[in-house]
Every structure is written in C-alpha cells, then in structure tokens.
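Shared between the two complexes below is chain A, which has chain B as its partner in the first and chain C in the second.
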Partner chain A sequence: MLKVYFKQAWNLIRQERLFSLIYIVGTGLSVSMVMVLSIVFYMKVANIYPETNRDRILVAKSGMVSFENGRNSSSSLSEGMINTCFASLDGVEAIALISRKDGEFLLQPEGDPVQLPVTVKYVNTDFWKVFPFRFIDGKPFTDADQQSAIRTAVIAESLSRRLFGKDEAVGKYISLNFRSYRVCGIVKDASLVTRETYSLIWLPYTLADGYQPNSSFYNTEALGEFSAYILASKDKNLADLKKEAEAAVERYGKTLHDKTFTALGQPDYYWQSIFRFWSNSRPEYGKLVLQYGLVLLILLLVPAVSLSGMTDSRMERRLAEMGVRRAFGAPVTTLMVQVISENFLFTVLGGVFGLLLSYLLLYLSRSWIMQLDATFVDVLPEGADVVFSPSMLVNYQVFGITLFVCFLLNLLSALIPAWRASHRQIIYSLNAK
Partner chain B sequence: MITLTNLEKIYRTKEIETVALENVNLTVDKGEFLSIMGPSGCGKSTLLNIIGLLDAPTSGTVEIAGTYTANMNDKQLAMFRNQKLGFVFQSFHLINSLNVLDNVELPLLYRKVSAKERRVAAEAVLEKVGLSHRMRHFPTQLSGGQCQRVAIARAIVGNPDIILADEPTGNLDSKMGAEVMDLLHKLNKEDGRTIVMVTHNEEQAKQTSRTVRFFDGRQVM
Partner chain C sequence: MLKHIFKQLWNRKRANIWIGVELLLVFCLLWYIVDYFFVLEYNKSLHSCRDMDHTWQVEVALLPPEHSEYQPGESDSTALEDNCYRLLDRIRGYKGVEALAVLSNWSTPGGGGYYGDWFRSRKDTTRSGHGQAILFDPRTDFFKVFRYTTKEGKPVSVDDFDWADPKSVIIGNMAKETFFPDGDAIGQILESPEKPDEWNFVVKGVVGDIKRFDYERPQLTFYRAWRATADNITEEMEIAVRSRESIPDKQFLQDFKQTMSRELRVGNFYLKGVKSYNQINKDTDFEFGQTNNVRIRTAFLLFFLINIMLCVMGTFWYRIRMRRDEIGLRMAMGSTRTGIRKLLILEGLCLLAIASLPGMLIEIQLIYAGLIETIGKQNNQLVTYLPDHVVLRFILTNCLTWVLLAIAIVAAIWLPADKAAKMEPADALHYE
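Here is the complex of A and B:
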C-alpha cells in the first residue's frame, strides 16, 4: 500500500512541479533551521574525535567554598580535591586534568623572525587515555616527564607540518615563549568544535607557570586551576559512579576546616557539563531542556502552519479523488494514512534539501555557531578555524534526527488537512471541481 | 437484490428545506438492468447515491443483497461498497496522477489483495474493455470514451454484484456513448451483473430491461 502511495506522490510531484518545488523548499528551510540547532547540540554531546568517550565521562569543572565570615569563593578545582574525591572510586579508569591556565602563546619558528600565536593546553598523562587522540608519530609525554616537569610537548599535525614540513618532528625542539620544548608526539588535529580538548600544543600541567604540587587558590584547599574529566570503565554504570562521586565530594567537604565546600551537583554527565558556565551556580537542566525544546517546537510550528495551508489547498484540489477512493471502499482512516504518507515523501525530500542547506549554514556560521548557547563568547584563537569533519555531519544519528524532524513536521502540517479531506461527505467530495 | 422502502431525503439549511426524494419504494431484481429517468433536479442522482451508500436517506430503509445498511459504521460501509458495488460516473472520476492500470486496481487496493494479483485482475478487465494497449497511459492521455471504459473496468475489477452508473454517456459523443452502452449491456447479459443507470437518453433507457421515472423527488412510473 505504501509503495502505491509513494508512487502516486511521486507522480504528483512531477505533475505539479511548481507547487511541489515551493513545498519542498519551504520544508527544507524549516528543517534546516532545526537541523542546524540539532547538529550543533549533537556535536556538543556526541562521541566525536578526540572526545570519543563522552558517554563514559563525568565532568567536574568548578566548586564553591563558603567561609565562616560569609565570604564565598568559587573557581576551578584543585588537584588535591580531584584526587581525593575521584581517584579512588571504584570503576574510574582515568581522570584527565586540564589546567585553566591555558591560552595563546607565541611560538618562535626556527629561521623565521615572525612569531606564531598558538594555543597551548596544560594536561596530565591520563588526558591521553580519556581523550584518545590519534598519534601519527611518537607518544604522549610520560608520567616521569610530568613528575619531573621536563619540557616535552605533544603537537598537532598541522603545526608539525607548518614547522617541520614533511620531516620527522618527534625528537626535535620547538621554542615557545622563548623556552625550548622537545616534541614527543604528533597527533591528528582536533577541531575547535571540541573546545575542551582543542589545542595546537599540549604540555604537562606541571610546566604551567606558578604550578606548585597540592597548591590551592585563596587558601581554600578545594579550589585550584583544574577541570576533571572522569572516565568510567566500560562495565561501570555511569549513574552509579555519579552518585558515588557526589557522595565523595560531600565527604570531602566535611573534612575541610572553617569552611564548607560544594561542587554544586558535580560531577556532571558530559551533556550537562555543556550548560555549566558559572562556577558559583547550578544550571537548571529541566528549565534548559524546556527552553530548547520550546525553541525547536516554535521553529517547527511556524512553518508547519504555512505548510499545513499548502497541504490543505492541495487536498482541496484532490477532493474528488478522495470521494472516488471512499466510493470504492477506502475507510476514512486509510485515507488519512494515505495523505500523511504521501506528504511524508514531500517532507523527506524537503528534509534532504534542508539537511544539505544546514551543512551550508553551519559552514558559513562556523566561527560563532558552536557558541550559540554560550553565556559569554570566547574569541577564536588567532588563525584557528572551526573544522567540521564529515563524521560529525554525516552519520546515522544526524540522519535519524532529520528523519524524526521530518516525521514531526509532516504530522504537524498534514494531520489537519488529512482529517479535513477524508471526513468530507462523499457526495460533496465527488462533486468538488 | 436492492429494496428501497419509504425512502425520503430532505436537505435542510437554516432557511430552507428541500425535499429531494419522497416516499420512494423500489425493488431491483438480480441481473436486472434498470434505468432511472427524469428531468434535472428530480432526485435521480440522489437516489443512485443512496443506493450506492454514498449518502444516507433522511428516513426509510435500504436493503442490498439481503443486508440492511442503516446501522453500518464508516468502515463497514466502505467494505460493503468495496465488495458489492461498482460505480461509473458521468465525469469518469479517474485519478490523473495514476496510470490506467493503477486506476483500475484501486478497489482491490482496499481489499488488501497482493500487488501481483491486483495486476493480473486489472490486466484482465482492461483486456475485456479493449484497453490493454493503454495500460501505462495516464487519464489525460486518453479520449473521453477510453476514460469511461477505464472507469467501467475499475467498476468491475472487484467483481461486484451491482454496477451503479450515473449518466455514463453524458460526457461522450454518440459513437463513444454507444460503445459504452454496448459494454454495459455485455456486462449485464454475459456476466449477469445488476445495473442501475441514471440517464437522460430515452433511446438508451429503452434498451434496458426496465425504466423508472422521477419527477420532483417522486417516482411517477
């Protein structure tokens, strides 16, 4: 039956070309708006290189300390707090530490008087376990390098090519802020889409300026310069680990003297962490989901109303056909299914157009679109470009979302016209011009 | 085969009440070819629509093939029409976005007959109406007479007992009209199908087994 419906819908497209074109383009425009948002969120939460373990990661970025005199301090977390709370938990495979002392540094290429601004991140050795970068050459820096603060660096492939061309870079030295670092590994570039891990150079966190083991900010013990990315082992239930980690944070807070500590509900699931912008407040996830859901619904409802009008006018033209079908034995429900199915073909064609259009829109807006939901906007590192890899855009999850959006849009736009067309009196339908 | 008892049809609006049919009592026997005649607006098409279960009477009963149709719901009516009745309309009512074969297969689609069986049955009836060479054409590519023959093929593909034809030659020239009438007579005589036909054409009515006449919603003969 569906095959027959689609065959007829295809014939209708060929016979009513202008109408079909307008309908498909209209559908495509609305689908593209929804898909841009959906793909942005997909890229923020899905497992994409090098953050391919996001579904096994808990994130603790910040905490707040309240002193007896009423003063509050909030910031990133100290190394001591992270290790005390999370390192000994059952089912933790690795904990990546990323220092907030990252930023742009100046690189002095050999034989070139012009210095190169580059992004640098200070991370620990577990960073490479939690975020499995692809090493093109060499290895990550070792625990020994990290402990003894030896100046070693992992660099991105693009930087390696720029500095050393096709020559082997591992073992060579780079000059960063006029300090020399030995290159120990080359990794495939990360995209700025994965902002937490993106960099051109990664250094052991023990090399960060002013780093002192077990130091903390403002004498708080708990607050410091790190965000923690806790990787659960594959057989560990993430919800259980989150509960255990929250309990550990609570226990830790009680051990502090003259102050109280809260991680404001952290560690978060990875998807929750993308909404955490402030260190002294807890996001209301329910409200956020509702807000984004409403935005998506409005983006669907507004075009659905006009598409519904177009579908209705097409059904008016096909009223006699509806009468004939009913005369020859089509029940009302069958006709409704037919109209909705036929319309689905139009919507899917619009969906395909919309998806392609959303790729174009994403490309054109790549410098700001990934920060659409941000409370404040980070300036892109100089010379950096947001690159969307094919795997971020072309995958079954994105196709699945597109299909679902089409299904929803189709239902919103075709249900009422289908109901109206199929519930008219048969005689009225047959006599329709 | 068809029994109408005390049939009445009244169209009501806020201001006006129009009696389309009044106290109609009519029986059509199995295998009969009945023609209904009368001036425009006398209620003959309304009567045909009620017999075809496309419209409901205001009062009275309709019995077809031993079944009273009064309390049937939409699904039951649809199934009954599909199994027992075939329609031929004055303006053909073919679906322009379907080719001839798909148009003819339409009634079988709602019987959940397999695609292969539908194809075989449709090809057979198109052969019967002499249009097997036009199966892949669309209705817009056919003449009026060919369209009406396709419509007849569609009406008989499901092998219904009764064919209801509403001025089947009304939109055709005399030659094509005669071809269509020949086809209907053939279906009546050779296949034994019961046919009820509304017509304005006295000559065509004379060729049928019985004629009933209507005037102002009443059966006059």
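Here is the complex of A and C:
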C-alpha cells in the first residue's frame, strides 16, 4: 500500500514542480538549521578523535573556596586536591591533568627569522592514556621526564612536517620561546573541534613557568591551575564513580584549614562539562534545556505552520479524490495515514537537502560555530583552521537525528491538514472540482 | 476596494488561517530581532570623539636570557629605561609615523582590558559615578594618536593641558556634566568615595566623549597620567602610533615591519609585532561574543524572511490556481492586468496588517516581561537616548518590521501574481 502512496506522491511532485520545490526547500531550511545545532552538539559530546573515551570520562574543572571571613575564591583545581580526591578511588584508570596556564608561545624554526605562533598545552603522562592520541612516531614523554622536568615535547604531525619536512623528527630539538626541547613523539593532529585537547605541542606540566609541586593559589590548598579528566575503567559504572568522587570531594572540602571547599557538583559527566563555564556557579541545566528547547521549537514551528498551510491548500485540490475514496468506504484513518505518509516523501527529500545544506553551513561557519553558546569566544590560533573530519559529519547518529527531525516536522506539518481533509463532509468533498 | 478584499479574506478564512498564524509568528519573532538591530545601529551611529583608523599597536619584547644575542649588561633598570627611550625615539623618527603614544595596556583602545574608576565631586559629594580610567604617559601625545576632539569637534593634544601636577586628570564631556553640571570643571577635585583623602585628582581639562566599543553608548572616562618606568616597561607598557594618512595601511605595515625589525633591536628589545587597533577591536568584539550575537541574529532574520516568503509564495500559487475562474471573470469585466496584480498584492498586505495587530499585543507582553534587551544601557545615566523611550522605540521598530515583511511579501507574491495577470481571459474563463 505504501508503495502506491509513494508512487502517487512522486507523480504529484512531478506534476507540480514549483510547488514541490517550494515545499522541499522550506523543509530543507528547517532541517538544516536544526541539524547544524544537532551536529555541533554531537561533535561536542560524542567520542571523537582524540577524545574517544568521552563516555568513560568524568571532568572536574573548577572549585570554590569559602574563607571564614565570608570571602570566596574560585578557580581551577590544584594538583593536591585532584590527587587527594580522585587518585585513590576504586575504578579510576587514569587522571589526565591539563594546565590552564596559557601564554604566548613562539617557535623559532631553524634558519628562519620569522617566529611561528603555536598552541602549547602542559599535560601529565596520564593524559596520553585518557586521550588515546595516535602516535605516528616515538612515544609520549615518560614519568621520569615529568618528574625531573626534562625538556621533552610531543608535537603534532602537521608541525613536524612544517619544521622538518619528511625527515624523522623524533630525537631532534625545537626552539620554543628560545628554549630548546627534545621531540619525543609525533601524534596525528587533533582538530580544533576538540578544543580541550587540541594543541600543536604538548609538554610535561612540570615544565610550566613557576611550577612548584603541590602549590596552590594564594594558599587555598584546593585551587590551582589544573583541570582533571578522570577515566573510569571499562567495568566501572560511571554513575557510581561520580557519586563516590562527589563524596570524596565533600570529605576533602571539610578537612581544609580554616576554610571550606566545594566543587559545585563536579566531577561532571562529559556532556555536563561543556556547559560549565563559570568557576563559582553551577550551570542551570533547567534554564539551558528551556533555552535550547525554545530555539528548536521556533526552528521547527515556524516552517511547520507554513508547510501546514501549503499541505492544506494541496489537500483542497484533492478533496474530490478524498470524497470518492470515502464514498467507496475508505476509513478516516486510512486516508490520514495516506496523506501523512505521502507527505513524508516530501519531507525526506527536504531532509536530504537540509542535511547537505547543514554541512555547507557548518563548513562556512567553522571558525566560530563550535563556540555558538560561549560567553567568551576564543579566537582561533593564528594560522589554524577548524577541520571537520568526515566521520564527525557522516555517521549513523547524525542520520538518525535527521530522520527523527524529518518525522517530527512531517507530523507537525501534515497532521492537522490530514485530519481536516479526511473529516470533511463527503458530499462537500465530492462536490469539489 | 479594501472592504472588498477584507470580505474576500473573511470568506476564505479557512485557507487564510495558516498564512495568518505564520505571519503572526514571524511578525513577533522578526520584531524581536529588528529591535535588537535597531538599538545596535542606533548605538553605532552615536558619535565618538576618537578615531582608530590608521593607528597601530607596536609590540616590543625582551629577548629571554636563553637567546644567543641576549646581553646581560643591558637588563638593569637604567639600561632598560634608556634603551626604551631610544627605541621610542626611533619609532617617532620613522618617516611614516605621524604621532606616538605610550600607554598602559589596561587601556588599549578597542581592547578587552578595563580599568575602572569610581569618583565623586568634592564640591557636591552626592554626584558620583563609575567610569573607565585611561592611563597614558603624558610625555607622549595620546590624544593626537587617536585624534581626540572636543565635543565641538576641535582637535586636542596632550600639550593643551597642564600635566605638571601628578594628580592631573582630564575628563570626558559626560563626566563633566555628571560631576559639575553647573559651571566650570577645571580646577575642581574628583575624589574616591572610599578614600577621599588619598585618592583624589584635579581636573585639568575636558575632551569629547568616547564609546568603549562601537556598539555601546558613550561612557564616563577619566584620563590619568601613567609613566613608563623600568618597573612597568616589560609588563604593562604599550606603544601606539598613528601612520600618515597618505600611506596605505598595507604598505605602512609592510615597510614598518621591514625597516624597524632591524632598527628596534636595541639592547635586549626586539620588535615582536604590529597590529592595527581596528583589528584589535574586531578581535575583542569576537571574543566578547558580540560578533556571534550579530551572526546568529542575522541567521535567524534570514531564516524567518525566507520562511515567510516560501509560505506566501506557496499559498498564493495554489490560491491563484484555485481562483482562475474568478480572475477570468474579473478580466472579462474589464479589470486590467495591473489591476489583478495589485489586487493580489493588496490581499497579501491586508493579511499582514491583520496579523500585526495581535502580534503587537504579544510584543507588549514581551516588553512587560522584561525580555527585551537594550545594548549598552548603563545604570543611572544622565542622558536618555532614543531606545530609552519605550513607546517611540516600539512604534519605530514595529514600522521597520512591517516594512521588512511587506517587502518580503510583495516579492513573494510577485511571481504568482504575474502568472495570474498574464493569463488569457478566455483561458481563465474556460474554468468557469
């Protein structure tokens, strides 16, 4: 039966080209806007190279210390706090530390007077376990390098090619802010889509200027310059680990000398962590849901009303057919199913167009779209570009979302017209030309 | 004619309800965005007595001790200051440079840094206000580099004012009106409400108002002296220059970098980079999310307009096919082709008129709920601007929305209406 409906719909499309075109473009527009948002969100939370363990990660980025005199301080976390709270928890496989310390880094290529601005991240050895970068050559820096603060560096493939061409880079030296570092490993580039781990050079965190073991900001003990990414082992339930970690933080918060500490509900699941922006307040998830919900509703509703209008006028023209069908005993539900499934063909065509359009929009807006919701937007590092790999855009999750959006939009735009068309008086319908 | 159209719309209310609801929805949503752009464009149109074209931030840095050319003997404070002054002289002497200023990097024009001051007038302590402090070295001409003018448009120079007193302050015009509304500001004292005895300044002059960012309103501004010394040269000093207008920006940048890379290797100093202040301003807009705000709203604006156009086009295209007989009859009775087109377009505009009335009621609710933002609005400011007059702003933004939608509707109806008008009367009547 469905085959007949689709055949009929296909013929309708061919008969009324302009109208069908308008309808498909209208659907496509709506789908593309929704999909841009969905794909951005997908790229932020799904397992994407090198953050392929996002579904096993808990994130603690910040905390707040309250002093007895009523003052508060909030910032990133100290090494001591992270180790005390999370290192001894059962089921923790590794804890990656990423230093928030940023500054200006210039690379001095050998034999070239022009300095190269680069992104540098200070990380620990566990970073390479939590975020399984693909090593093209060499190895991560070792625990010994980290402990003795030996100047070693892991660099990205693109940088290696730029500095050393096709030559083997491992074992060579690079000059960064006029200090020389030995290259110990080369990894496949991370995209700026994964901004937390993106870098061109990764150094042991003990090399950061002014680093001192177990230091903290202004003697707060708990506050420092690190974010912790806690990888749970495969057989550990993440929700349990989160609860245990929260309890550990709470215990820790009470042991501090003449002050208290709270991590404001952290560690977060990875998806929660992308909404955590301020270090002194919790994200209001309710408000966020409302906000995004409203935007999605507008993006679907505005086109849906106009599409309903068009479907309704199309039904008007087919009233006679409906009348005949009903006169010969077709039940209302059959007619409604027919109208809705016919319409689904239009919507799916629009959906395909919309998905392609959303790829185009994403490509055009790549320099800022990933930070759509940010309060402060990071400027792209000089010379860097956000690269979307095909696997981020073309995968069954994205197709699934598209199909669901189409289904929803189709229901929104065809349900009422279908109901109205199939509930007309038969006499009236038959009388229509 | 109008009455006739309304009657027809009423008779076909079943078909018109969809397009009506769509117009209503889009009218409200579009108005929300139009209102935002209205305030934004209004703010941009406000005059700022400062000009950032052809101005450049010259960034110098010190070689680290690890560098092969590092000279340990040049790093003590006397050598550092001497080298710095020599370096400034060399920049000043460059042929393309019209003026040079040394300022604190808290005060970068167009930058993200902000140094706040809170003052009250000593004469009338009830008059107080927060504003931005701009700190620069009065031995250099900050006002000339950024082409400051008075309120009347007369150019000002740092040398116009007396900087001998370390507690000198120059204030913007708005600060003058806030603190000293009746009479002369010169010689008056501004003091901190928290520590009036320690933190006070003597007003030595008044310059025109500036906006911190182009999309904001003019603000209270205090210009204070800050001197480059060995303690702050490396961390806080910023060098700004104005290039001659006769040299194209691109050429200046290229030549300056090329010549000065060598020239500015003084002691341990070297030229790190040159950036235009307009670019710095653009980057700050991006970082503060303003660029994204505009982009997202523009995307929604286009989305709504395209949607309404598709809706109108689709609906009218069908409507005209359904009403061929009517159109044929009209033609047979002597209606011209233009007449038919006009009828259809008027029909669309009437629909818009009907939808906009409940639309405005919804908008009023949004205003009462406090959901409408006014960019750049400051607390307890003296001057009221056009966007502060709620009723006037409401009327203006609604008119703009109406015109925008009307253009979209006319454009969308044009194609189907043209098709209808070009129908042969005999053909059209054939359907009757």
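We adopt the following convention: the second predicted complex is superposed on the first by the 430 of 433 C-alpha atoms of A that agree within 3 Å, B and C clash if a C-alpha of one lies under 4 Å from a C-alpha of the other, contacts with A are read in each partner's own complex, and residues count from 1 in each chain.
As a working rule, a contact is a pair of C-beta atoms (placed from the backbone, for glycine too) under 8 Å apart; a residue touches a chain by one contact, two chains touch by 3 or more.
These figures come from a predicted structure and were not determined experimentally.
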Considering only touches as defined above, state whether A:Ser88 meets chain B (first), chain C (second), both or neither. neither
Where does A:Met33 make contact in the superposed view: on chain B (first), on chain C (second), on both, or on neither? second
In the superposed arrangement, does A:Val25 touch chain B (first), chain C (second), both or neither? second
Examine A:Val302 and indicate which partner it touches, taking first as chain B and second as chain C; both and neither are also allowed. second
Looking at the overlay, does A:Asn11 come into contact with chain B only (first), chain C only (second), both, or neither? first
Chain A residues in contact: does chain B have more, or chain C? C
Output check: A:Gln212 vs chain B and chain C. Expected answer is one of first, second, both, neither. What do you get? neither
First, second, both or neither for A:Ser313, with chain B first and chain C second: second
Does the superposition put A:Gln425 against chain B (first), chain C (second), both, or neither? first
Once the structures are superposed on A, label A:Ala327 by its partner contacts, choosing first (chain B), second (chain C), both or neither. first
Which part of chain A faces chain C closely enough to touch in the complex? 18-19, 22-23, 25-26, 29-30, 33, 113, 177-180, 298-299, 301-303, 305-306, 308-310, 312-314, 316-317, 365, 368, 371-372, 374-379
Note which residues of chain B are touching chain A in the complex, please. 49, 52, 54-55, 74-75, 78-79, 81-83, 87, 89, 93, 95-98, 102, 106-107, 109-112, 115, 154, 158
Mind pulling up the chain C residues that touch chain A in the complex? 15, 18-19, 21-22, 25-26, 29, 63-64, 66-67, 261, 283, 286-289, 291-292, 295-296, 299, 303-304, 306-308, 310-311, 313-315, 317-319, 321-322
Tell me, which parts of chain A touch chain B in their complex? 1, 3-4, 7-8, 11-12, 15, 320-321, 323-334, 425-427, 430
